[in-house]
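Below, each structure is written out as structure tokens.
One chain, chain A, links the two complexes that follow: it is found with chain B in the first and with chain C in the second.
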Partner chain A sequence: MSTVEQSDLAGIPGGTAPEDVASLRRARRAELVRGLLHSKTFMIGAAMVAVWVISALFWRWITPYNPQAVDPINTLKAPSSAHWFGTDNLGRDVFSRVIAGAAPVLTVAPLATALGLLGGITLGLLTGYYRGWVDDVFSRLVDALLTFPLIILAVLVLASLGRSPRNVILVIGIIFTPLIARTVRSAVLIEREREYVAAAQLRGERGPRIMVFEILPNITGPITVEGTIRLGYAIFAAATLAFLGLGIQDPSPDWGLQVANARAYVQIAWWMAIFPALALSTLVVGVHLIADGIRRVLEE
Partner chain B sequence: MSAVAEQAAVRIQGLTVSYRRRRKLLRVLNDVSFEIGHGEAYGLVGESGCGKTTAAMALMRYLPDNAVVDGGRIMFGDEDVLTASDSTLRKWRGERMAMVYQDPGSALNPSIKVGEQIAEVYRFHKHLGKSDALAAAIEMLSTVQISAPDRVARRYPHELSGGQQQRVMFAMALATDPDLLVLDEPTTGLDATVEAEVLDLVEQLRAQFNTSILFVSHNLGIVARVCERVGVLYAGRLIEQGPAQELFQSPRHPYTLALLRCMPRLGMRKDTDRLDSIAGSLPPLGAEIAGCVYADRCPIARDRCRNEPPQIEPVNERHGARCFYHEQVPGIPPQAQGIEQVPAAAVEQEALLEVEQLVKAYGSGTNALLAVAGVDVHVARGEVLGLVGESGSGKTSLAKCIVGLIDPTEGTIEFEHMNVTKGRSRGREARRRLQMVFQNPDNALNPSHTVGSILRRSLQLLAGVRSKRQQDAELEALTRSVRLEPRHLDVRPSSLSGGLKQRVAIARSFAGKPSMVLCDEPTSALDVSVQAAILNLLVDLQRREGVSYVFISHDLAVVRYVADRIAVMYLGQIVDVGPSEAVFSAPHHPYTEALLSAIPTLDIEAKARIKLRGTLPSPSDPPSGCRFHTRCPRYLGDICKTEEPPWQESTGGQTYRCHIAPVELQRLQTQDADAADAAGDPVG
Partner chain C sequence: MNDYEYHLYEEAKSGRMSRQQLLVRATMMGVSLPALTAILAACGSSSSSSSGGSGGSSSAGPVKRGGTGVFGITSPAQDVDPITMFNTGSIMTTQLAADYLVFPDANYVMQPRLATKWQPGTKPDEWTFTIRQGVLWQDGSPFTVDDVVASFDRITDPKVGSAALSAFAGVLSNGNIEKVDDQTVMFHLDRPYGDFPTLVSSFNYNSVILPKDYKEGTFTKGGIGTGPFILKTFSADQGASYVKNPKYWGGPTLPYLDAVQIKYFADTPPIVLAIQGGSIDVFPQVPYQGSQALFSDANIHVSETPSSEYRTLQMRVDQDPWKQKEVRQALAYALDRPGLVQGLLGGKAELGNDHAFAPIYPGSPTAAEVPQRAQDIAKAKQLLQTAGMTSVNVTLTTEQFLEIPQYAQYVKQMAAPAGFNITLDVQPQTKFYGTGANQPWLQANFGITDWGARGVAGQTIDPAYLCSSVPKPDLSNAGAWNSAHWCDPQFDTLVKQFEGEADEQKRKDLAVQAATIQNEEVPDVIAYWINELRATRTNVHGLAVGPTFHLDAREMWKA
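And then the complex of A and B:
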């Protein structure tokens, strides 16, 4: 990046032309995008995720059969040219159900992650910036929370709140909040020691403004990476809860639910379990590749 | 030394290195050639970005992965370092060539005792047994003048001071008696007195080992002290080379000359002299330049310089400069000549800042660390107080208390007759009138905001300018006052150079028309030529606006240049305070004396240096009596250990804290200086 230094004496030319300097800002952003486009990791991940996003949006037009259509004659049929991924115990087309299954998971997981980010960023900023007893209490609470198997916590909450996609979002979001907050907090702890924070305090800025306008813009990198990783876990968690029968209910083509239904037929109809499971893992891996790609480009 | 030319230990020929960055090759070293003779110390100087570290790394073939050697050879004996096989190279590194880095703390393995780390070198390269290697390591530690080497050998790196760590690095580097020692800014992170010790060590080791040294540094004074020959790098080119003394006394390249004139020399004062600075900027990395790399900034450049690259022109057989018109260089007038100093606003008697018995403790109870242990500071309106001290002296804690970033444990701070002891309860008026410029402009400016929005926010909050139109007007005036241009307002700090960033930081602190600005090492992160421009700016602003500064710096030449009065801190106390010139001349506190003698200067007459014994004691357990007694070169006896020294009044309004009376101290200090001059004379 070119720099501009100016002489002590006014009027002596030095440095780059004004248009040049003004465009540097845009150039930085363009550089990040270019870095991502050149990153194989990111591009492969993006391609994998894109397939499922398109499926989630357009499954009505892509699926060869109605994913809910029961066909009592063709139950448990092996993959064939008519049914690429075979049919399930009710004769439903597995391929159509896998494609349509992207929709529920790609609704629940992003919303849950967004909720977790909202809570985590707020809590992370507050504890990292103010520290003191708030921070101590929070940190102990997170430690306590982490000693508890999170899935059991989720099961307990869902069992008492009732099973619904909304509650799944709520539970995952709330569990993510302290985890994300921990990452945000450690980023804030580094930033708050930098002198621009002291300078803001010296000109009389209030705490909330320093957190939101001074510190937050400088920790978007770690937050983006953390958010993407969490999205991967959220997908996985939503599927697990559905598998346990605590999330979305039949007849939804949710992948976790499909795998759960397939359990009884694994020995005679492997295709019922394997295709939704593969779908799930490609999506999760894709999201993680994206996270990895972003992290590497930001570190460069 | 005459056999150097034919029998060089290292010959670098036409070295050209580029860095690959985003699929582009940016040239950092361009056709650099020099040789280092056996037992010779060669200094490579230049400002940041000139390629000096790349040259040092290339010599060891430690270049980063994205570096590409486009051409050249590095002949080490009869073999080329650049083409040597990996196994040969592995054997050479450590055995025939060794390197000491800038930051010893990160170069040592934190989990291995230092004795074992040195012993490892002996075991690997000399194949000594375990106990023999350890014995050899301990002996080497005593060679690098570590007291109680067998005890130190059993310590971990973090248990040693910075100076000791650097000695350990030297011990490791010298363990195999290498032919070549590469020193990359070996004293840059160290305090002045420690730096002086390390340089003493380098000199002594040179006498003891017949090692060739490549000494890379940005500090001309250090290079002048240690090296016989010097090469000056600018924008990846070696632009001048010659014997150290000759080169520094009569430089023949306009850049070298300008660089030397940028340095505030001891004895320069803001009232009489203006610092030279270099106009323009370093060409960006990888720029294609048809002619001389310095032509854009050169006062004697002509058309030829812009079209045709100059070769090294010989001045005499040992001195050469890459300049067509090198004969005219001695005649270049100082740039600052004819520029009037802004007349000073009178220093008034009225006290602006009064700090009484300030104590700042971290932690509590018996473990409390007293960073500031009862300090009185008085600054008059329009006065510049220089605050000097090494790391751990408490000067930064004191500054943070004054400016209100932290609250003092005890004592009071009065500013413009307002009690501002508690930082958080300060009103807007107090904040507006008392601002701060931070050390590192990279850190002090929010990278996410544009320069314009940073300054606008300060105008809004400090000056209380609300209307957009008025803000625009004020912003323009503010920008102009620090000699920034309107186009700089639209960019973020990361696209500005260090000097420009610091101007933005200065502008920010002046937004509310302050009456006092705390400058915490405002130039120590900057290059010499940029430092000069920033100091000129600070002096101009101070004089025009009648502002007071508390100016913190470890660089005594800088402090002497800007300060009206100076306070010297040691272990949380002020030990010496008074008008600049009085503090700088005898009698002064023995610690001040040691600090002064530690400054590496370009003067040729070698002065006898006052060496401080031991290391800085911990502020959590300060020595009894006089805090300086454990290291004092003028230690009297038990009285220093048991009794706190009184304030002694010296001439010219200076006071210092010592048991030795001014008359006696004056006699001791002038006597020693005379003795040193007498000893230095026959040589010079």
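And then the complex of A and C:
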């Protein structure tokens, strides 16, 4: 990868000056952005996600009704001009709840992914760089963890910790940590054999500095792809936990919760389930398209 | 005609008591059928109860015997034992095989079963029951008065820990059941209690009559009981199967079916699908929420009967912010009750008025006697101001059961304009009821609890609103279910006078006084009384329509 070459130059005494390295990195970033802007996959995904991000940020101004406002006289009303997506069993406007439901999803999932990335990158750098017994122990632990169905693990932890958005973020973040760490470790195992790492070691730089300032900038590609894919899974995991009654509680307009509540009414009020489910699908597909687009551009 | 019978006649003749109320009160007090017929004839009516079988119209044709009836009910999720059972799955599983002394019909009229007649003493602190003769246990041994005495000795024994203790507390103590002769048993009560037959009926569901040598935990082995069907197989997570009891005392006519099967389900949606698909014939206790599809299904008949089933919206009167009654009243005025009835139950409920005298009980106060509380946000705000508050932050703790989570949502939204900021904590039902010293439903500062139908007001009031039923801090006084921790000695006195009074007008006056206090003090909001729903496939006939957590399939048949 060209990134490695730039960094190699930057790391060797007497090589390219730091300001040149910075400009090279800027150029590389610009090239990446241009590539993404020309990627149909990325752009379609970004557009889908953008719709929900805008909904999450501005739902208070977009929604025609208060998403929590009940109307006992107008329960289970079919889609109409007054209620585009119909009403639920409490008479709440489903359209407003779908729009507002983007906020909890796009709060929990990114934070959980960020937590997983933080833990995963740290563990991946340590185990990949130092290898030895640290790596052996970690690898066996991850293998053991992966033998459990992850959703069962999440259910067990949430049942003991209690249900709250914070705990959902913690659980998903913790479960993602070893998975991300494994990807990071693989990338670090390749990078640690590069000359620029040897050069840094020759300069007397310490391990933590080499990991953070030499290796990490060179593995942002796989980390970005992994993080984006994980974001998609985090959205799905949060919705699944909410569906199982272990995530966010009513009256939150969380999509998973909406689908769970709709289960008993599917025969007579299909709109209660279908619209939040579609919202969830479009967001997850959008995030995965973004991940795919980034991966393809990086590979080119 | 004795004095009480003449009193009933006067009440009915003057129009102060409806025919239905007359039937309920007369059967409760053990008025004989000839006397009841005479009273009704004098008032220009007949003595037959109006309770019918679901789908059992005259157009159904002659009774068709044989076949298997299949019921779909919620799983008891534990081994079933009549002594300790408390959930619908267990109760219905038991009731197909066992009997009570008396059994209510859908209109709460007490019908004789293992007792053929009953009557109070000169004061209703003694009750004698005449036991049906010639009844056999399912193993062929004779049923005797000794079995009746042993059954009530067992469930009134605090060491046994029956759920019936809460109903008998302060009314019937262990050891006070006497065998008078081979046909008669006498109950010596702790105090006069005019509604005592209710406590030996299925309204006190642990009052099942069991053999005197019954060993707790053996019921599901099968073959125990005097009921119309013999339990053959039982699986706590699958279901139970029964065959017709050839020795049934109601035979050879009854039961009509050759066999009965119960299928257990974890939740409502699969039961709805099962009855629509025809894999079950009966969904005996239908929650409105989630079952709406049944109402428009041409193959399903849903019967609706008024009941005393309700929800408490309890406020701990011994804790802030509920110590001042104005705060409790403010919450009561914040709720749109007709809206709740419509939104939660599709209109299939009666309005509640924050007292425990359900409209279905004879002599319960009317809205003219205790004015119906209605939504008044301005008044609610004013009451909060009187209490020195402009807003109240509270957590509403409740259970994931039936329409209750939705009720909690409505409470949160409806109370907000009055100044209540409510956070919801909806717990799994097992966690909410808990065990030992950890039972959130009795400890929460603010909660919603489900109460099943009871036969008389006292059955709810005694365990839930008397001073003696306030739970101790460690919850060591079992059966004390006063979740609001409310104690009003004047209310206690009125209720006990009411329960011991035979004169219907005096009972009415006492009920109005007690209800007025409860309405004013509002230890809990009682917003609605639920009409019970029972769904059957249209080829099912003769099944009693209610009360819906009671199962009487003796006369059920399938076309």
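Quick note on the criterion: the second predicted complex is superposed on the first by the 274 of 300 C-alpha atoms of A that agree within 3 Å, B and C clash if a C-alpha of one lies under 4 Å from a C-alpha of the other, contacts with A are read in each partner's own complex, and residues count from 1 in each chain.
Basically, contacts are C-beta pairs under 8 Å (C-beta built on N, C-alpha and C of every residue); 3 or more make two chains touch, one makes a residue touch a chain.
In this text, all values refer to a predicted model and were calculated from it rather than measured experimentally.
Trainee: Would you mind checking which one, chain B or chain C, touches more residues on chain A?
Mentor: B
Trainee: Does the superposition put A:S186 against chain B (first), chain C (second), both, or neither?
Mentor: neither
Trainee: With both complexes superposed on chain A, which partner does A:E195 reach: first (chain B), second (chain C), both or neither?
Mentor: Only chain B is touched by A:E195; chain C is not.
Trainee: Which of the two partners, first being chain B and second being chain C, lies in contact with A:I73: first, second, both, or neither?
Mentor: second
Trainee: Return first, second, both or neither, reflecting whether A:E214 touches chain B, chain C, both chains, or no partner chain.
Mentor: In the superposition, A:E214 contacts chain B only.
Trainee: Quick check on my understanding: which residues of chain A belong to both its chain B contact set and its chain C contact set?
Mentor: After superposing on chain A, no chain A residue contacts both chain B and chain C.
Trainee: Quick check: in the complex, which residue numbers of chain C touch chain A?
Mentor: Chain C residues touching chain A: 268-269, 272, 289-290, 292-293, 296, 336, 339-340, 342-344, 400, 405-406, 409-410, 412-414, 424-426, 428.
Trainee: Flag every residue of chain A that touches chain B in the complex, lowest number first.
Mentor: Interface residues on the chain A side: 1-10, 12-15, 18, 21-22, 24-25, 28, 31, 194-196, 198-205, 214, 217-218.
Trainee: Chain C touches which residues of chain A in the complex?
Mentor: 68-73, 75-76, 89-91, 245, 249-251, 263-268
Trainee: Quick one: which bits of chain B touch chain A in the complex? Just the residue numbers, please.
Mentor: It comes out as residues 22, 277-282, 284, 296-297, 335, 339, 403-405, 428, 431, 435-436, 438-440, 443-450, 457-458, 461-462, 483-485, 487-488, 490-492, 494-497, 499-500, 503, 505, 508, 511-512, 530, 532-533, 536-537.
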